[in-house]
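By written order: A, B, C and D. Residues from 1 in each chain.
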Amino acid sequence: MKLKVGIYWGAACGGCDVAILDTHEKLLDIAAKMDIYLWPIALDFKYDDVKKMEDGYLDAAIYSGAIRNSENEEIAILLRKKSKVMIALGACAHLGGIPGLANFYTRDEMLKRIYIDSESTINEEGVIPLESWNVKEGELDLPRFYNTVKTLDQVVDVEYYIPGCPPVPLQIYSALSLIWDDMLPPVGSVIGAGDKALCESCPRVKEEKTISEFKRIQQVLPDPEKCFLEQGLVCLGAATRSGCGARCIKSGVPCRGCYGPLDDVPDLGIKMLSAIASVLEPKEEKEIDDVLDTIVDPLRTFHRFSMPASILRRKKE
Amino acid sequence: MEFEPKLVGFLCNWCSYTGADLAGTARISYAPNLRAIRVMCSGRIDPTFIIKALYEGADGVLIAGCHPGDCHYQEGNYKALRRYKLLKRILPEYGVEPERVHLEWVAASEGEKFAKVVNEFTDKIKKLGPLNMKQSIFDSMKEDIVVHESAGEEKGGEADEA
Amino acid sequence: MPERVGVYICHCGSNIAGKIDIEKLAGFAEKLDNVALVRDYKFMCSDPGQNLIQSDLEAGLIDRVVVASCSPLMHENTFRKVCERSGVNPYLFTMTNIREQCSWVHIDEASSTEKAMDLLAASVRRAVYLEPLEKREVAINPRTLVIGGGIAGIQAALDLAEAGKEVVLVEREPSIGGHMAKFDKTFPTLDCAACILTPRMVQIGQHANIHLMSYAEVEEINGYVGNFNIKVRQKARYVDADLCNGCGMCWEKCPGTRVPRKGNVHEKLSLGPTSSIYMPFMQAIPAIPVIDRESCLYFQKGKCRICEQVCERNAINYDMEDSFEEFEVGNIIIATGFQPFDPSVIKRYGYGTLPNVLTSVEFEIMNCASGSTGGKILKADGTEPKSIGIVHCVGSRDKHYHEYCSRVCCMYALKFAHLIKEKTDAEVYNFYIDLRCFGKGYEEFYDRLLGEDVRFIRGKVGEISRWVAEEDEKDQLIVRVEDTLVGAVRRIPLDMVVLCTALEKQDGLDRVAKMCSVSVGKDGFIIEKHPKLGPVSTATDGVFIVGVAQSPKDIPDTVAQASAASSAVLSMITREKIEIEAATAEIIEEKCSGCRICNNLCPYLAINFDEEKKVSIINEALCKGCGTCVAACPSNAITAKHFNDKQIFAEIEGLLSAR
Amino acid sequence: MKYTYYPGCSVKATANLYQESIDAISPILGLELEELEDWNCCGATAYMSVKELMSFAISARNLALAEPFHRDVVTPCSACYLVLNKTNQYFTEYPDLRKKLGQALEAGGLSYSGNIRVRHILDVLFNDVGPEKISSLVKKRLDGLRVAPYYGCQIVRPEMGFDDPDDPQSMDRLIESLGATSVEYPLKTKCCGASLMGTEEDLALRLCCELLTGAESAGAHCIVTLCPLCQMNLDVYQSKVNRLCRMKHNIPVLYITQLIGIALGLPSKDLGLDKLAVKLTKPVKEILQGA
């Protein structure tokens, strides 16, 4: 019996959906095992079709993208009702992802920036989109633009998380195969990834770390063998779950933490802050400040993908 | 009723905790707002504890360790200083006044200084007013509540935290 | 089975109950999750109090214990032992400090009770996450290192050696004996210092169990209680100890001048020979000379070598190098003694610019029969002084220099007064602020001095100068002092002035402290474990402090402390093993990614990297449990036993969201 | 080396011999002392002890006038040095005093920010010119002359700044650089009574007697000082001291700048030596002629 699956994308870029397609010939195996009942980016099913299903009809719902507006939330709740297992696919659903960085601003600040102040916009009257508008044909409405971006599990209960931005296609396949092979690990675990930090699979040589200056990747020609952090380049690999095969590092760029924190780390960004601060070289206050000046925008760099899932979740208004 | 700040203190066992005890044996009275958690060394204090304390309702967090060079484990306080300096830089990004987190070196013999530090820190936070971090996060989601007729029940908005 | 926590609230007589509403606190505790029972009692640390806990544990009513009373630094061990006696792991217990950090320091009762409630809620939540820990035991190496060969080190070394234990005594100077060897008499009994010290020094030199390393310095100390590895630098004496028989030919013929030959009596003051190859004093142990490089003509100008020619046993060897010795010890006794305060910084006293102004140590040497003046008290020009002033508290009890009292100056000042009266017919003035004759027989000694018409002037000397008014004062010193009992500024011409200088921490004590990872206080003396209850032990197990290394004191107190320290060491040795800190850090291999961020964070080098497994590993024997690496590990792969993240998170929640 | 020169009232009046000797030796030693425009009296310690704030205000005025030149303010008189230096220090150390002085200066259309230094001429002679340079310029070495170095008590308070207040040595070195011997003088910083000579004459005379006796018993041919008030008390009142204390002191009291002038071979009339109350004694003259 084929599994009945629904795929949806919330506040997302579609990269996760593309990653599913990127399983190439494995897609056929997936298709052989699964019938897809909803996939807005790829197939023309309607929400009403899903609403007509009775509860728990779908075997699994694969939800990528964060919860940024009321529609994302509505469909998340809908899919939750209609499916036995809810899977958060990709960094946005798992941690809030890049959209999550919006949690440093309020709803009004963003609308004003996008529709009024942005350099390429001419909008003297300051018109911004409204949630509903009456026209001859009737009432048009738009989903409400939420003030705070949320992760999927902050809105509905989620059984499994497949991390990554985007998740490595092969890992998606292996994660899905757990379902039809009925080898799912305990509820709440992260699948399609390792349970150690990226350093374990990183090809670069790691030694003792004492950092006296930080630089950005485009300012230097780093030694190809040596660990990025030891060369004063901020690399979040040490605090990020492995599973991506160190694809960024292999293409010469330090890790930015998209696979999320390890199991019992409640806040990836603050944990990395502690790790990096501990290995700074100076002991005097003045020199410590000089080194810290060389780290660009530490909070957002350390929380690039995980702000909504961090302990404080957003900037206090 | 006047705002009484809730302060959490992380005191290192060998110097600041002993100093605090000394303030006790010397019966030096000081503000009651600080609740102390004993750790073996200021180097043990993970910035995550401080963020967690701020989230759980602390209006201010005090980190107290041995004077540089006095650390019972020789260098723990230097790491505490480095983490403190980086943490202070990011607090404004969270919309939290950096003065709410304060580091002070208190020796085992400085009972009086400990009392003074607690009093001054309490006054400073009193002036800053309450932080209410958790409450402000949920307030920010107040308008994010929408009744979804398709789902049949009202959800969202007050979702439980992560 | 969820954890069942027993909460025990102590009244501590009225210390806690007087300020905190015990009933309200108990009522609050009953409603907390996981709390199986709440009791309160007048004195939890008393036997009946302890039995309360023991009976509950043995009855199996609870499996976690929270005692809300005084500071854990006070009675944590007491209650841990109660758990052990009741067959429960001692680490399943935690304390709430509602006395030193609550009832004793807050005025308002309501807020004190509220604070106690928060603290108790935190402890209960922490208790739930407590895990049993097995105490680790470590063998105690029976050998002991004693740093410093003054009377303190000698006494401690002899106690241990006599008990059949091996001792390594390291002394920086060419001979043991310390400052006591420079004294003529000792107060209050006026025993001759040499008569009571030399036999013990000889004992040290001959004792089979004592490996004496004089003219040597401790270079490095690593390891932990029971297993310290020590590295000592034996400085080159340029005299072969096995060949030399101490005949003295070399220093008689040596033309070098370690102590200047010309200059007045006080400039030539010395105990032993003044030549470049010398023995510090005649009864030196070991009785082997050493060459002072700065003044030796061979080392400075490359010629002479007379000592080599005259030595029949050709024991002289100019090419000797510093050598190193490494060994293991179980305990360390720091008995480094003191360094006298240099009074030249007090310009108004004229030490170093005016003749006939001496420090107390110089005056002691002058009184020694084996000294360069043969024990006679002489002025700089060699004649006998007619009047001598003794100034107390020079550099002591003075905000500009040392605030503390050096405890010994009053008594040796009285001794000086007696010696002067005995040896000369000079007038004696003692300028004091307060006469502190606190010890056994001390007051009586002072009364005796009053009988020997010594003039006591209560006032701090303002200035010593040569502001002479009449002709006969020409080469005298004029002391101006405010005599507070008479209420006038007095101007007293004197032939000689002795400055009773403060006792300072020994030079280099901070380096020794750092090596033994003990901390020093604001005056540079080592901080004892507890000023009243642990004066000779330190916060670091296995490291003990004796004599002035802990704070200034006289010989009787020093000897008492030396025996106290050696008995403490003996008790450690006889236990053969000692439980060491169980609350250390541990790396969980399955979580460690080998990022090596923790590797260089450990000052005890307890973390190293396993190249094959590509993971870091903690050597539990070296780990002290500070937790610095735990906070830094980016994947939370290192846990701090008894202080892990879950426990501390629970305390944070307990403190903030319980009420 | 250019300085803003604050002469002070004494050198313009009773102590003009001090000024003459300074004017004589400055060019030779390469010192350019440009007198401060429209300076006013500093009030000395007398006024400071009567009306402290007013005294701070009038001396702050001098500092405000000198600040635009951005050069060290140099004064030959110890009392002026004490008052100006103390004002300068308290101005930076005590914010509320700074506020009040700011208002006072504003009323006169002036302002001061506290970043110039006040120095005594001894400091300049010792640290900027230096004993080596002076001895290289000496024409008549004063070998055999025994000099008692008398610093007075005001230059060492509250902060001498350039020497040890308990045991100053800078003037001793200058004396030795001229070939003379500076005797061991324990009273070098004891008070001469200063303005007490006007109010409590007997007390001041007795203090001066101590100083003169001390110098004599130290075998000094003359006393050298650097403060107009000390010089006047010891020199002009020496006869009165003799009468009160029944002594026969006859010790010349010169300024250090006069002694330097002599050693540089300058004529005595340029150095104001003729204005000394106690004339140079025979032994002193012989040494000076003989050199």
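Please note the rule applied: contacts are C-beta pairs under 8 Å (C-beta built on N, C-alpha and C of every residue); 3 or more make two chains touch, one makes a residue touch a chain.
Source: prediction; values computed, not measured.
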Chain at maximum distance from chain C, centres defined as averaged CA atoms: A
Of A-C and B-C, pair with higher C-beta contact tally: B-C
Separation of chain A from chain D, taking each centre as the mean of its C-alpha atoms, in whole Å: 80
Chain B and chain C: spacing of chain centres that average the CA atoms, whole Å: 36
Averaged-CA centre spacing for the pair chain C and chain A, given as whole angstrom: 58
Chain A-chain B separation of Cα centroids, rounded to whole Å: 30
Multi-partner residues of chain C (at least 2 other chains): 601, 628, 631-632, 645
Junction residues of chain B, two or more chains touched: 46-48, 52, 79, 83
Junction residues of chain D, two or more chains touched: none
Touching pairs among all chains present in the structure: A-B, A-C, B-C, C-D
Chain C-touching residues of chain B, taken from the complex the two chains share: 4, 6, 8, 13-15, 17-18, 20-21, 23-25, 27-32, 35-41, 43-49, 52-53, 56-58, 66, 70-76, 79, 83, 107-109, 115
Sites on chain D touched by chain C in the complex: 164, 166-167, 184, 186-187, 190, 210, 213-214, 217
Residues of chain C touching chain A in the complex: 590-597, 599-601, 614, 628, 631-637, 645
Chain C - residues contacting chain D, complex: 347-348, 353, 465-469, 471, 474, 478
Interface residues, chain C side, partner chain B - complex: 71-74, 97, 99-102, 104-108, 111-112, 114-115, 118-119, 122, 514, 517, 519-522, 527, 539-540, 583, 601, 603-604, 624-628, 630-632, 640, 643, 645, 648-649, 651-653, 655-657
